[in-house]
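Naming follows writing order (A, B, C and D), and every chain is counted from residue 1.
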Amino acid sequence: MFEILSNKRVGPKIYHLVLSYEQLPQNPEPGQFFNIKVAKKSSSDPLLRRPFSLFDFDEADKKIEFVYRVVGRGTEILSESKTGEKLDVLGPLGNPFSLKDRKGLVHLIGGGMGIAPLYYLSKKLRNSIQKVFLGAGTYEELEFFSKKFKGLDLDVHLAAMEEKLEIKGSALVLWLNYLQQETPNFVYSCGPEKMLAAVEKECLKNNIGGELSVEKRMGCGIGVCLSCSCQSKNEENKNKRACVEGPVFGMGEVVIGE
Amino acid sequence: MFEILSNKRVGPKIYHLVLSYEQLPQNPEPGQFFNIKVAKKSSSDPLLRRPFSLFDFDEADKKIEFVYRVVGRGTEILSESKTGEKLDVLGPLGNPFSLKDRKGLVHLIGGGMGIAPLYYLSKKLRNSIQKVFLGAGTYEELEFFSKKFKGLDLDVHLAAMEEKLEIKGSALVLWLNYLQQETPNFVYSCGPEKMLAAVEKECLKNNIGGELSVEKRMGCGIGVCLSCSCQSKNEENKNKRACVEGPVFGMGEVVIGE
Amino acid sequence: MNNSRERNKNSFDLSVNITSDENRTLRLKNPLITASGTCGNGKELADFYDINKLGAFITKGITVKPQKGNQTPRIAETASGIINSIGLENPGVEEFIAEVLPEAEEYELPVFANISGYSEEDFFFLADKLKNCSELSGIEINLSCPNIKGGGMVFGTEAEKVFQITQKVREIYSGYIIVKLTPNITDITETALAAEKAGADAVAMINTLSAMKIDINQQKPLLANKFGGLSGPAVKPVAVKMVYQSFEKLNIPIIGLGGITSGEDVIEFMLAGASAVGIGTINMIDPEAGLRILREIKDYLARQDIKELSSIIGAAH
Amino acid sequence: MNNSRERNKNSFDLSVNITSDENRTLRLKNPLITASGTCGNGKELADFYDINKLGAFITKGITVKPQKGNQTPRIAETASGIINSIGLENPGVEEFIAEVLPEAEEYELPVFANISGYSEEDFFFLADKLKNCSELSGIEINLSCPNIKGGGMVFGTEAEKVFQITQKVREIYSGYIIVKLTPNITDITETALAAEKAGADAVAMINTLSAMKIDINQQKPLLANKFGGLSGPAVKPVAVKMVYQSFEKLNIPIIGLGGITSGEDVIEFMLAGASAVGIGTINMIDPEAGLRILREIKDYLARQDIKELSSIIGAAH
């Protein structure tokens, strides 16, 4: 069981959840996710766990952190959970971002809650020169993330759909602007499927390597149910499970956008 | 919404729940019950409310109190609820104990959690000489109740099935002993159906007036579903709803014991 | 902006037309209909709100003779659902006409009597008894009761029986007829079509799913009657599917029900093809549900910028 | 006392005999069988515990040809349940035999292949392919798939079809045969009896209930496939009832499933008449469920002072 250390609102409908754990099967890596049960032990509704990407991890203090947005009943119940409550959390799960020998210029592009998994990734990308592109509806939605990334002393660029920051528009458009000036060695991205599809297209076109973290509706998160199948792009008739072979896929690995 | 002021363990699996309210449709009377929703707002399980008898009521401080035992998942969830949480509570419901002109010697007989509704009744029975017979499995289960009743300066007699208090046995046996010495003017009783049936038989035989509070599985608690029907003893083919015409019935009013 | 939304709420048109035959036009001011057996006869809910705010009222099931109903326990809770085996407790049609209907007279909303039978003749007898009751806007034929003469099988599981009973009732009763169908069947569109062909004005689906719960400590069925009917949120996905499929085949309106607890659920049923909906189990848990659901429907319409609720009927097809 | 209880736990006999024909005796060390499609092919769960602790393993459904399955979303959550429309994604029987079965060889528990078909011939073809696979203790015929040749109706809804398919498979396949039945039917005892008569060794019930969910914001079905199958705690009361009723008519063992999440649920199914049980959806939520459920069964036996689990089969009748 994991204990809630804090569960604070950090933006419109956005919460920052900090949990302490006693033990984990293994240390989580950036891009992995945890599957959280929000129902009380004696309640069977909501039935499924809810997947959330690791936002931050602290081995010394035995803490894992998440940032989530309230979108439905599961996240609503989660947002009402209080410090001291116990949560049934399964993980770490899934295929993480690859980190080895990632040198040179790296672009991180996060849209909406897709920003969450990029933070711990950023922390780990010590050998790279990072440029971070973050987008959301409003600055309020970005504020918490922006501060965290800036706390890492990174080159952070912000875009919002409803107000002009660096630009008025999406993280994608912002990034595409930069792409005209510089070609990164590698791109990491997470966000809405349409954005991922566009990022992927651009990278494939320009021969930029990269990885995408996709969100699929999941039944189990552990590979048993095949709810999260993504069609493989290379191997005809082969599917890949977003929960095991993903959520992080290489560029061009699976069909993005359903 | 009602707010939990406290929810403390006061015996083995027994909890004392104190709620504050903003307004009630009317002041509750002894013997009435409230129907409490234990599931979170966005959860549909457990679906039904749980009925609990009023244990105590304080109009000045706007407090209502309950004592309940954890027997299944609903009461388990309730027992995990913390001070400050809000509860969806419906009531007061049901037909209360009658109080008017209750003079002379009154016996109160409570078995197990059937003791709960008798406390506020006792508080209200100012014009009577009260003798209170309480029974349960062990003294531990009675301790909280015993102290509360003794706090009213009443003549309290205790029996437990598993250890010798005044006797080793049930509240019923204890009461039957006293009945050989004195005949009360009126009897109030709540507890297991078998006990109620025996109390009723004795009262009818000896022409003692009285009232019983019965527990029936309830769907709605407001009279719409007919889950709680009790067969009327006098009117053939007539049923009475435990939630509206009861839970308090006169002696001989409905068939007790299913 | 919030203010203008608030103001707008009153300008939504929640009314639905459930007419299938010109001779029996019926428009409800909103799609909410009380589901039989879960709202008593209205009096009880009236303590909580003005039930005239609803679209229509359906009484609890009545039979030819008074019924004491089944032994208790009559109700068991299951995951997001309940199983009931009330056993049609009711005072019989005579007393219903003498005592209950006069109360219904005061309601300002259409009232339907839900009729149940243990033999085919029961339905005909009841239809005949009720045919001149002006308090009623119509009747709902509950075809989920066991056919005692027919060996205990439920009437509603055979399309032919549904057709025969409906047709005969149609001959006897000239008012609005709803045929309420059981979901315990391989293909509900067959019985639905049979009802339509026989002259029903609308079908209601679903009644409860046949179910049971066992008390593992006592090692016996929890309900005194062993079996009962499952209702509540647990059954909603089954009900929505049946409505959706029936909508593709039927021409008469469908009253959708099964597990509705919110305005969103009502919208789901209407998108699937329901012209009106029944609210059942939720009334037992949240007596003010009717009012809340109406509010939630308006919220949805405001959010989606829809003026006429009826425009969404079947829109998910 | 607690100590002696603890000690006693190991002395409980959890084994169940699901033999219906002397030529194919089968005793499981406990009644827990993985439900097809909810446990992958075992490897995944093996990360969480030693699946050899279970009574038996049933693979996910395999078909003649490889299947990519349906479009996503393939899963929707409902009240205490889920609707899935995976669409039988699987590598086809050839690859199953070449790749999956060799892994199953290492398991120390009986393994069954769950076979699905889109035509009757599919089942016969699969039975034939698998008949010499010594890794298998038997096969489970999934009769809940749509019969493409037969117009999309599910095979399992007609007793006659169930009889024909089972009988032919029985001729081809000499090992243990489980026939898995659909609950989307008026009377499941008819198809269960048909399977028995045709030579099935056991029936498994229930597969999922036909269901759907509509996305009210998008105003269209949430699942890409529109419809799917409902499973999880929501359906348990329906499943228990079907097992209970079938137990009164059948002579072969029943494998009960649908919504089991706890040892108590297993007991409920066994009291209703199941000789063994399938655990499905719960594995998706709680991968260690199998182990926990075994513990809970033992707790129950200790509480009730029962030595042999199999003594409670059908005890609620």
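Please note the rule applied: a contact is a pair of C-beta atoms (placed from the backbone, for glycine too) under 8 Å apart; a residue touches a chain by one contact, two chains touch by 3 or more.
Keep in mind the model is a prediction, meaning the values are calculated, not measured.
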Which chains does chain B share as contact partners with chain C? A, D
Averaging C-alpha coordinates per chain, one finds the centres of chain A and chain B separated by a number of Å equal to 53
Using CA atom averages as chain centres, what separation in Å is found between chain A and chain C? 46
On a C-alpha centroid basis, what's the spacing between chain C and chain D, in Å? 34
Multi-partner residues of chain A (at least 2 other chains): 44-46
In chain C, what residues contact two or more other chains? 76, 79-81, 232-233
Taking the touch definition from the header, please name the shape of the chain graph: line, ring, star, complete or other. complete
Hey, which residues of chain D end up touching chain A in the complex? 37-40, 44-45, 47-48, 60, 66, 68-69, 71-77, 79-82, 84, 86, 89, 224, 232-234, 261, 281, 283-285, 287
Contact set on chain B toward chain C in their complex: 37, 44-49, 90, 216-220, 222-231, 237, 239, 244, 258
Residue numbers on chain D that touch chain B, as the complex places them: 79-80, 233
Which chain D residues qualify as touching chain C in the complex? 76, 78-81, 83, 157, 184-187, 209-214, 216-217, 219-221, 226-227, 230, 232-238, 240-241, 244, 259, 264, 267-268, 271-272, 300, 304, 312, 315-316
Help me check something: in the complex, which residues belonging to chain B touch chain D? 44-45
